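Take a look at the structure set out below.
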């Protein structure tokens, strides 16, 4: 048994197992493979941590089928050659199961991006964040040990209004790592910029650090770790930081909004921390105008394609464009935010996914960066 | 002999062979390597299927040189260390051979993107598509088993006019997989959106399904499989869906047009299904205005660089931009379409290629996503 | 001992060493790993060449710790499990060392992008370039054998004014490869376009070729090898070609400028040929307007994020946009150039880095595509 675990510079991490010869299995997103590997390798690393890293993994053709699990991608009736050895009906059944699970709603542990209500003292909006390791379920059965703000992935949504004085009190409850927060896109005084040894000392385990600044530039921004960030952001230390404009007339009119935080590290390809079918659908009523705030906290581009209806792109990184333009596929790069308006002119369940198809569908069905806009 | 075959999440698939030690061969696009591998590994998978997957493959330095093949990249005089052991003259000869083959025209099996003439019944334009497995030659000697619409890769071009009622009758002649068609970018009623178990049942092998809708939004769109799509689109089930505007005054004026469908799965890096030198040159006359419709059906970005002449970008995903802008390198992400105008103001053979150089050239010469604009 | 050396199609090159079992080391940018590998593998390839290729490499857990080196990422006190086995203090110390080295200034061999003064004959601006192999230090202790123009990586900056007649005399002093120069983005007559066997014969070792043209289209352009270009550009044959407009009124006003040439081949992730902490800081005074010219000569996108201050994007590939727009993260694709203005309204040291975090930071500290804008 030879194991090779390596990390590509785009931070995708791969596990490859080569056992005997010849091994010629198509490695795909398949829990059969994952579990076979985990069992065979007697890893001391927990399955949860691994599943967050494991994107593509192959199994030996000589491995016996493994026991059922609760993972929606684990189709225990499937032979190790899943994807190659299926009949059309078998494959369709797996696809249908995923869609049904999504429509029915998948219960998973942990919900991110929940609004955080500030405490107000002398006019200052005070938000408290605690960094800690928290079990988090990416999709049914796929538990990961996340690094979280207040137990959430993504961290709680911080929302203020232009001109507000904002105080963010950060406590580091991680056991073994310092941290710091960078308010990505927010124009802060330099000493509030969150870069250890450049603008502040790192926040050691057990310590608390207070950021304070006036929210100057409205728009869709982010906050995330800026220390060992490839790992810390990758494992969950990220969230939305939204500054509402004082004068809303500068933005297009909209009736409701959704924030979609894209990621590709913890637990694979996710929207707001969850992989399909555990992703939440966006809902709207016919005739409504929906604002979507895209934020990419991952390491790869994600060209998000909404079926059926165009997206009016009107802001980049929180700055309104001089002239909005329409598209149906918006390429969101790491660190970018894009704001769009969808005019909900047609009822139905509209698929909505990353158009790097490998981020969205395998032979076993849709997974990862897939959700839907449901217009009623 | 240890073989490791794996698939990265961007869907690029790699074959690695490790035999004895030390193996320290630069793995590159080289048929010597491919064939050595295929021979050494006694694979039961056909060469055609593999060549569609094989992007980078290495050979042991202890392998004997292999027999000549017809592949333009197979330089049988080359030692296994090709790229490292070549003289400048040897390398130049290989580069020259590729250019000469391109200029001379490479005959390959299969041509995609051919206009499909509709049958018209009671004012409805009826297009018939049959999904089937078809041998397809990506470049000379590189045969793949493609999944095709009507035997073509890309599938036949469907072109209608804004306001047309369009009927697309799809027959699934695949042996082992269901399918469905999504009209990417086209505003259709939800039940015509092509997502199995969401808007329709999958089209089982042997079944026929009929899509019908009014072509509402003009522009450069696409149609492709939306079931097991990473594999089905990757293997060829994709095509251009162009809706001409009723009023052409909305578009810039142009004298001729070319559609460039980019892909990076079946047979490696391709333009309209072919890899250099089997790619077709674009031709125009001095003074003409050329419209190019870029469509990315692959899994990676492809920043397309035209030498010598700027591109005026005027539409994104079929929607005209409020203000066109100029560039020479246009980054096309998966799922995106971009329309540009090239003002052919200078005669010559202008190289035209993806500027991820590894998608376009190796030590053995240009390959993959390379073509030319020839202005006479 | 099994070695697997392979090249992904994006041209990132990886070394993997697998020795015994189980090997389960996180492979990261670590000279300990590199040197262990080099020692263990008895490679005949020089360390310098390898370090240019080696992005991620793992060591066996059974390997003994290696001797200290001068590389800023070589933390010899670190166990092989670096990143996993560190205390917070150990990790912080490594991060601090990197920042201190950057602030203090890292002396490395070789500086690129230096202005090249033309010789003027009869009104023609004559630039002489010699292609040659040159040792180059990417960051302290990381020597690579670069392919250079005039010994520089990036090659010397060529800067002319719109309307100038420009002559570039290229001598190929490479031992074993022909070459040619393409003036990327510059509108030249076809025979000056630099594509061997298409517009000119290759420039053989020892030969000289002269390019001559009138600089027609102002803006931020590039020049680079267009023969075996994946390798030649990857190893350093690239530079900035800037054409100043005759009438500067067309550009926004600015007080100073910096060119940032991004790369991801030679020596890993670099800005102007150097990796953090050897990257040069950008400096400006409070109130100044800074023009930044981004140029991507690599194989991957690099979304460049400047902390604290927005970037006004006003030109793409040298062509001014009809309407500039603001952002804080600008996604630069291979072959693209983007020009922005930063209004230096806030003093401080502002981190400035690629937001694909794996291009910028590991558990051992920041590295690669990281610099800072220092406003005084």
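We just call them A, B and C in the order they show up, numbering each chain from 1.
Everything that follows uses one rule, which is that contacts are C-beta pairs under 8 Å (C-beta built on N, C-alpha and C of every residue); 3 or more make two chains touch, one makes a residue touch a chain.
Please read these numbers as outputs of a predicted model, since none were measured by experiment.
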Interface numbering overlap (same over half, different under half) for chain A and chain C: different
Rotation angle (°) superposing Cα atoms of chain B on chain C, nearest 5: 120
Euclidean distance of C-alpha centroids - chain A vs chain C, Å: 30
Shared interface positions of chain C, touching two or more other chains: 2, 4, 8, 300-301, 323, 331
Chain C contact footprint on chain A (complex, rising order): 1-11, 41-43, 45, 174, 176-178, 182, 184-185, 187-191, 193, 195-199, 202, 204-205, 217, 226-231, 233-234, 299-301, 316-319, 321-323, 331, 333-336
Of chain A, residues touching chain B in the complex: 2, 4, 8, 12, 14, 16, 18, 21-28, 55-56, 58, 83, 86-89, 91-92, 95-96, 99-100, 264, 268-269, 300-301, 303, 305, 307-310, 323-329, 331, 346-351, 355-363, 372
